[in-house]
Amino acid sequence: MENLIGLLVAAPLLGAAVLLCGGRALDRVGHWLGTALAGVSFLIGAVLFADMLGEETSDRALHSHLFSWIPVGGFRADVGFQLDQLSMTFVLLITGVGTLIHIYSIGYMEHDERRRRFFGYLNLFLAAMLLLVLADNYLLLYVGWEGVGLASYLLIGFWQHKPSAATAAKKAFIVNRVGDVGLSIAIMLMFTTFGTFAFAPVLSEADRAGEGKLTAIGLMLLLAACGKSAQVPLQSWLGDAMEGPTPVSALIHAATMVTAGVYLITRSGAIFNAAPDAQTAVVTVGAVTLLFGAIVGCAKDDIKKALAGSTMSQIGYMILAAGLGPIGYVFAIMHLVTHGFFKAGLFLGAGSVMHAMNDEVDMRKYGGLRRYMPITFATFGLGYLAIIGFPGLSGFWSKDKIIEAAFAKGGTEGWILGAATLLGAAITAYYMTRVMLLTFFGEKRWQPAPDPHKTAGIEPGAEAHPGELPHPHESPKSMTIPMIVLAFGSVFAGGLFSLNDAFVNWLEPVTGHDHGDSPLSAATVTAGTMVVLVVGVALAWAQYGRRPVPVTAPRGSALTRAARRDLLQDDFNHVVLVKPGEYLTRGLDRVDHTLVDGAVNGAAASVGGLSGRLRKLQNGYARTYAVSMFGGAAVLIAATLLMRAV
Amino acid sequence: MSAMLAASTTSTGEAVQFWVLGTVAVIGALSTVLMRKAVHSALSLAGTMIVLAVFYLANGAYFLGIVQIVVYTGAIMMLFLFVVMLVGVTAADSLHETLKGQRWLAVLCGLGFGILLCAGIANASLKTWNGTGTANAGGNVEGLAELIFTKYVFAFEITGALLITAAVGAMVLTHRERVEGRKSQREQSQDRARRGIPGQPAPSGSGWPLVTPAPAPGVYARHNAVDIPGLLPDGSTAEVSVNATLRERGQIRDVSGRALAALAELERRAGDWRQQRGGTGATVVRTDPSGSTRYRPEGGATVYTPEDEAGRQSADRPADDGANDGHAPEGAAK
Amino acid sequence: MNPVNYLYLASLLFTIGAAGVLLRRNAIVVFMCVELMLNACNLAFVAFSRLHGNLDGQIVAFFTMVVAAAEVVVGLAIIVTVFRSRHSASVDDASLMKL
């Protein structure tokens, strides 16, 4: 069984290699090959899962050491895989949702002439993410981490002919670098502290190291997680990442990439458990981000960006839960899985809507689509109900538990976190209802298709005829079937997981679990959640359901305007980071030109001048040389005599 | 001197010899440096060397003294003189110094060096010495030979190799590589037909190179000295018949006009004489082989004019024209 | 008189020769001055031989003569060659050892 673990990563990696190196010959079968290999990976994952279920709880973790990568003196880096319950959960999510997105992409990218390459990148993405979650040490995890960054760069900038896409890709990559620096520093700190960076020794000996060092490691890990999972303050890349094709957004938001941060923190739980300050930082980041993302999601008219804000917010929930310690790890992962289902479903639904509406993304130009796209409507609707936490659906089970856990943190901190999560739930209900109402209900606000020559970079595959109203239609089966499957997941996953606390029992051996000491009973929390849910939905209905929606957005309040600009995140970065950076580089440039160049040129000039003087000694006349020789001989005699005299 | 062991002074005769000849040696050395002509320098140096040879003899180095005279003064200095001649004996060097500060530096270094050397020698304070008496007991040459062929035999062999190398090196240095094969007689004649004789100008006005051997000087002229050009059938001079060096220097003596004039004068005087004595002896004049009769009527008048003579010949005309002229009447008379 | 005087004479001649090497431009004269220096050395060696009472100094002087002969042969060949190509025997004219 251990040998199969390597195959999990190898299958999509092989797909990526073949598709990216294979050339045009594979254009016709490339997408099938990519999808098949993703499916193979999922099947292997399923086999391993079944095998794991058959084992005893204590004996479920598999370990596979492949080879010694960098053995240098005391430094030893191995390539080895570790498949425990946590990794297994991720493997199934990544390969399962990933395969569905592959299938969806077959239809979605049908008219793109670079489809083979797209599938190559998707496979690379899966392979990198699988490597990340299967690694048995932090260094190999870092390799996967970087691979994910690379794949996301390639995919976000897939339509590289659009400057906005190229910029978004660069932005994602650069912001991720900041987090990567955090991870690399964390790994270095681990090595200096523990002398190794394999999971098992580091995590088992974590509590023996000093708290200061652990806090430092934890904060660096948090920085890494913030970069990958788009948490405040490194959240700015996520919204722009919507420039990529919609399946990419689904993949990034549901199965890969943004979940990496949650995985990292959960995996490093032992370090955080021993560093309360780092945990506080984690929950703070999570709480801030969940509200930040939710507020941004309320103001966006772009359907994908609204969903992106939602993702940020939901990941905030997970980070918050992970920061709660053993109370929250399990629920963070559980919410991650359920979120993977419904967010993938929502994004695929959004892609389907855009596909039908000539790639229009402005929700204010949708309306009344439920009659034209019943399957999309149904799946999107189920995803919507799941994300707002409608009782019985997936989101309800996971989010409710997180809110409970937040209260269970105890003390003032618990109350603040609980309030934040509740507020977040209300806002989630509000903005998701808004998306739903604007898209599928109300009267048609369709606009003629834009001229493709004027708006560069329309998604290929849209048969847009300039000046015509869109003719919304249901998407092909390759797109609807994944949506249906994901809708099933959205509906039933949470319930299944909560049956007899199945998920808690499943993950407990890895992450540990603690029920905490909640000041409120579970029923009270659930009731509160329901109340804020109804309030959020009602507010949205009052604003967007009862009244006709203007096609052009009203000016709105200051908060709305700020939220439309992502709560001024880019302006903040510009003022705080870019400007000082520019001043610094300009100053350094000046220093380089005056001081450094001056020193270098001055040295060169002085040497040159001196040489010019010395050169005159070398006048080529043998007699001049003879004089110096003769004088030298005289000096030698003088020296000899002096020595004798002394 | 041979009996002296650990002596502290030499004989008075040697002292006198030293001071007299030492002065000569120093003067010779200074002359070597200061004489403007290389030949004088070489001769001064030879003098110094001979003095040194005497000093060698005085110091008991009899073999070296002889070798000094034979090898140095006899061979090496002659080689020097030979090269001086080769390079140019007449050229006198300018003693003006061209390198800035060279003279001062040289004098300064020389003075410093000499003073330091003398100081070193004085510092050694050698009051007594051994003399070569015992070393030369078995004969100076025998003693040297014994050392050369025993103790210094390797150095001796190596100097032998050095001499051979030097000889070969000198030959290689002065050797001029022939870059093309030697021309055969046929090729030389073909070249001459193509380009004319090297160094010989084309006969004036012809436009053709001179392909035949150049005419000998003095042909048809009254003289056959090398600086007198031959005459062409029309009585003009053939400058190619004169050595190119003389031609370059302008040292051609054209005496044809003078000879004809002298002949004309002779015939005039002979006519006068005939008129005085009756018509005998006319056949003698007719047998003149130079064909001067042909030139007599106009040649005497046109060729020999004082102006022409001054314009054609340079001022360094030899003063012995009269002697040369003297031959013409004799030749004509015969 | 002390034979040390020969040493003083030798150093005087040597210095005069060296000054000549430095002062004269004609390569042949320079070469003669070099010979003068060699001869001065020889005189010193001979004097040393006498002072020490053995013949080793004379042997050295002998070898010096041999080497000087070889040197003269090669040196004069060089001078002739240089003169042939440059039409000058001045050591200053052969100042190619500069930029």
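Going in written order, the chains are labelled A, B and C, and every chain counts its residues from 1.
Note that in this section a contact is a pair of C-beta atoms (placed from the backbone, for glycine too) under 8 Å apart; a residue touches a chain by one contact, two chains touch by 3 or more.
In UniProt terms the chains read A = NADH-quinone oxidoreductase subunit L; B = NADH-quinone oxidoreductase subunit J; C = NADH-quinone oxidoreductase subunit K.
Small disclaimer: the values here were computed from a predicted structure and weren't measured.
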{"item": "Selected interface, B-C versus A-B, where C-beta contact pairs are more numerous", "value": "B-C"}
{"item": "Closest chain to global C-alpha mean, per-chain Cα centroids", "value": "A"}
{"item": "Euclidean distance of C-alpha centroids - chain A vs chain C, Å", "value": "90"}
{"item": "Centre-of-Cα separation between chain B and chain A, whole angstrom", "value": "103"}
{"item": "Chain centre separation in whole Å, for chain C relative to chain B (CA means)", "value": "26"}
{"item": "For chain B, residues contacting two or more additional chains", "value": "99, 102, 105-106, 109-110, 113, 117"}
{"item": "Set of chain C residues in contact with two or more other chains", "value": "18, 22-23, 25, 92"}
{"item": "Sites on chain A at which at least two other chains make contact", "value": "619, 621, 623, 627, 630"}
{"item": "Chain A contact footprint on chain B (complex, rising order)", "value": "99, 102, 105-106, 109-110, 112-113, 116-117, 119-120, 123"}
{"item": "Residues of chain B touching chain C in the complex", "value": "5, 8-10, 12, 14-15, 18, 22, 25-26, 29-30, 32-33, 38, 41-42, 45, 48-49, 52, 55-56, 59-61, 63-64, 67-68, 71-72, 75-76, 79-80, 83-84, 86-87, 93-94, 97-99, 102-103, 105-107, 109-111, 113-114, 117-118, 121, 124, 126-127, 129-136, 140, 143-144, 147-148, 151-152, 155-156, 159, 162-163, 165-167, 169-171, 173-174"}
{"item": "Complex contact set, residues of chain C against chain B", "value": "1-9, 11-20, 22-26, 28-29, 31-33, 35-36, 39, 42-43, 46-47, 49-56, 58-59, 61-63, 65-74, 76-81, 83, 89, 92"}
{"item": "Touch list for chain A against partner chain B, complex", "value": "619, 621, 623-624, 627, 630-631, 633-634, 637-638, 640-641, 644-645"}
{"item": "Touching residues on chain C, where the partner in the complex is chain A", "value": "18, 21-23, 25, 91-92, 94-99"}
